[in-house]
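Presented sequentially are two complexes of subunit A, the first with subunit B as partner and the second with subunit C.
Right, the complex of A and B next:
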């Protein structure tokens, strides 16, 4: 594992050399190839070294983060063309990848917290440095302070655990059972804010919309899953209290997911619609983790991976339109099938995966989650039915509004999609729809 | 193979071919003829004028093509094709087949020995600490 860490650290000087933009992206693809093929045949933990390890949850999420980071660089070619501080941008991306990689692969809970917070800084720099509108300052503040508000109690909880148990190793925590309500709330609140759950979700539409395409991709792709990963790790020693209190979080997230799905229909901004759909999907993930079923865990993990690919791809699509029309408004972006009929294929494929149409990974995740939530309580059937229905609804609404109909008469010039953009979308879609053939690598763990 | 064929675009190859044909078909002529124009050199110039970028670099065609080839190789050929082959054909992912075989062997062994598939006292009852009756009076029993 150190080998990948060192590969990333030594890519940092490469970011500052001249004309190395595409080389960095290709190094990241190469690292992805190495990582995904050197770590097969693992049972539970592998590559244990001084403070790193990797089990199957980490494996899938590290794969996702390397993949999304390399696609981020491919999507941000306009920075390179306009020569807008792309060296610092590459440094930001590599630094963020290092922080995410370390978050998912450290053994120590305090180090996990440290890298969890540290990954916020390059994200903030991405939003404020390369975002498009003045509102990005407020968006950065919302992101930072919502997350920090939730995570200070997490730090106190971790220090309390160390005081009590004299160990911070995540693997050893499963032998303990911390039976305190205050510890429970302080530990999981940070992850609920990060996921985000309904009442503390306000940072997400702001941050996702104001971020540049790379920022949106990494936020939707991985940063939300940090919360899910933290919940999966921390739930192990909080099971008893969770069984008494989980109904609060499940009800808030499911009902909130329903409200958010309905709110998607009211959006005029493409990216805002995709951001709200992220909240709706993550609400199901929270529900799945909180019910403490095996299927719930599996469904939420698969939905995390598939949502990372799908949402990231949709933000790429929104940016492809934005680069041509300089507007994210649905009204201006209508009738795109007249200009880019090939792009409507990708809109269709990614939006159909978003609504969990077969054969996407989202389908598998949602089926597992529906099973687990309905087994927890029959009444959640109604909420889940409405969430799934509305998610299909707004995905179709987005597709139909953007692609079909007459185009906006104020358009002057246009250019069709370039090969790089199609490759970008293909690389989002292919794992999403093909990994369902071999889900073994990321789904079931012991 | 494709790379070998595309070598015909290299300037060195073009120059050597042009020199060869000039030596083979030498002629003396004073008037300007149509055949005097260097067609191979013109071809590259008209090609360069209206080239469509792959999307990687809009200024230099060479850089754009290089980036295109390299990106597709690393992402599609390496990660998707080779990685997909490795994932599809890797033996016994997460040792699941081994675990299933071991389970069947154990079950067969227990069946032959006349034991139940799993003993009711899998965990030693002395290690299980149950709460007292007094703590359990309010708790709902869900089966």
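Right, the complex of A and C next:
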């Protein structure tokens, strides 16, 4: 485990050398393939050393974060061409990857908090530094303050646990029972803000829209999953309070997911639509984790991984359109099938995965979540039915508005689609639709 | 401080600087309350020539205001000492006399609710004098406070410090006043730490004064006193990064150095079961981070309209900036591996 940390640390001097942009990306792919060859044991923590461990959840999420970070660099070729501080951009990406890797793999709960907060700083730098609109300042403020408002009580909770239990090792926490209401709220509020749950979701549309493509990819791909991972770790020692109070969060997130799905139909901005669809998917994930049965955990984990790949791919597609037309509006991006028919294939593949069509991994996640939520209460059938229906609805709406119809007459000229862009989208779609063939890597936990 | 006094052809101020350091030592190492008072008076006497500068009216007025407030507080302190230990001769901490003693020491430090002189005076001082005022002048009142404090009174003062320090800085544009309000907020953290142990206070104070030194030396070298000056000049990339890291570190965000003292104080707060007070500490530090980020907008945004005709001439060499950048970044690594 430490070998990957050292590989990432020593990639930092590589970022500052001349003409090393693509080498850094190749190194990240290399590290991804090395990481996949770790021994994967399902019932326990494996690869333990002084500070690090790997569990099946952290294994999958670290793989996802390395994959998305390498695809981030592939998607940001325009920064390299226009010479827009790409050295510092590479350093930012590698630093963010180090922080995410450490978040998912340290044994100590306080170190988890430390790296959880530390991953905010490079994200903030990505949004405000490389974004292209004046609203990005407000977006960065919203991101920072919503997350910090939630996570400072988390710090209080962690220090309280340390003073009470004299340990902060995540592995030992399952032997304790700290059933206190205030501790429960302070521990999970940070993750609910990060996920995001419906009432505290306002940072997400702003931050996703104002970020550059790499920022949007990492936000949709991994940063939301930090919340899910934290919830999975922290709920172990709070089980009785969870059983009493979790219905609040399930109801808020499911009804909120319904409202957000309906709001997706009113969006004019492509990225804003994809951001709201992220909130709707994450609302189902929150519902699945909070129900606390096995299908719920499995479904939310699968949906986290598949949503990471799918949303990140959709943001890449939105950026591909933006780089050519310099607009994200649905009024201008219409009739694209006339000009880029191959790209419309990728729009369709990724949007069909978004609406949980077979054979994508989203389908398996949604089916497991529907199973777990309906087993918890029959009435959630109605909400889940509406959320799934509307997600199909807005995915088709987005596809049809962008691809079909008459094109905008003010277009000048652009090239169809470089192989780099096709490779980028293929690398998003391929794991998403092929992992369904061997799901026991991610869905059998014991 | 020596270096800057020497380069400004002001070696006569060296004499007063040495007496300033000596007076603090007198004050904290005396075995009688009289000795403490004497140290405080010599402190005042030697600080006035350092800040008085008869070239403009503002600095004359500033040194006069400083003299008036500090001598008022010293006289109050002497009077309360005499009443308590010579006249009444009891060591009861729960009466008005001990509250008055603590209040006079708080007024010497510039803590709320006696803070009104502090932003006024920092507006009239130069950056290096501000550095002395914000760091060294706090040592002796703090340590004297630790010898005899009333816990309930001080907790109330801590809450007032935190709230005034965070809310007062929201409407300021002058960098000196912003750092003054942030100093008032950090006084809240420091007063709590000195109630726990002097060692803990020393730890917080050293890290705080190192961070303040890095920021003040950066502003001093760039000759910046107001927030609108941050956007006008053409800052080097490393200077921007240094500014960014220092302010985020002062706000207490991980992964920088400034997170460590705050985390340790939260640990002691929760050991002593001050739950609501911890919540106030957290939320006021969010407000502080808000106005720090307003200051560092210019270093976040990589592309904005820069005035090309303003050339940034550094007064001294750049080695100080490079060293402080290195310390700010590398302390992150140290802070994860020393205490875990």
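Note that in this section the second predicted complex is superposed on the first by the 442 of 446 C-alpha atoms of A that agree within 3 Å, B and C clash if a C-alpha of one lies under 4 Å from a C-alpha of the other, contacts with A are read in each partner's own complex, and residues count from 1 in each chain.
Convention: contacts are C-beta pairs under 8 Å (C-beta built on N, C-alpha and C of every residue); 3 or more make two chains touch, one makes a residue touch a chain.
This one's a predicted model, so the numbers in the text were calculated from it and none came from an experiment.
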Subunit B versus subunit C as contact partner of A:74, first or second or both or neither: first
Partner chain in contact with A:51 - subunit B first, subunit C second, else both or neither: second
Touching partner for A:419 - first (subunit B), second (subunit C), both, neither: first
First (subunit B), second (subunit C), both or neither touched by A:160: second
Which of subunit B and subunit C A:36 touches, first, second, both or neither: first
Shared subunit A contacts, counted only where both subunit B and subunit C touch the same residue: none
Parts of subunit A lying in touch with subunit B, wherever the complex brings them together: 19, 22, 25-26, 29-30, 32-33, 36-37, 40-43, 56, 70, 74, 77, 80-81, 418-421, 423, 427, 430, 434, 437-438, 440-441, 444-446
Interfacial residue positions of subunit A with respect to subunit C in the complex: 51, 84-85, 88, 99, 108, 111, 113-115, 117-118, 120-121, 124-125, 128-130, 137, 140-141, 144-145, 148-149, 152-153, 155-156, 159-160, 162-163, 182
For the subunit B and subunit A complex, residues of the former touching the latter: 53-58, 63, 67-68, 70-72, 74-76, 78-80, 82-84, 86-88, 90-96
Parts of subunit C lying in touch with subunit A, wherever the complex brings them together: 237, 248, 253-255, 259, 263, 266-267, 270-271, 275, 278-279, 282-283, 285-286, 289-290, 293, 297, 300-303, 336, 340
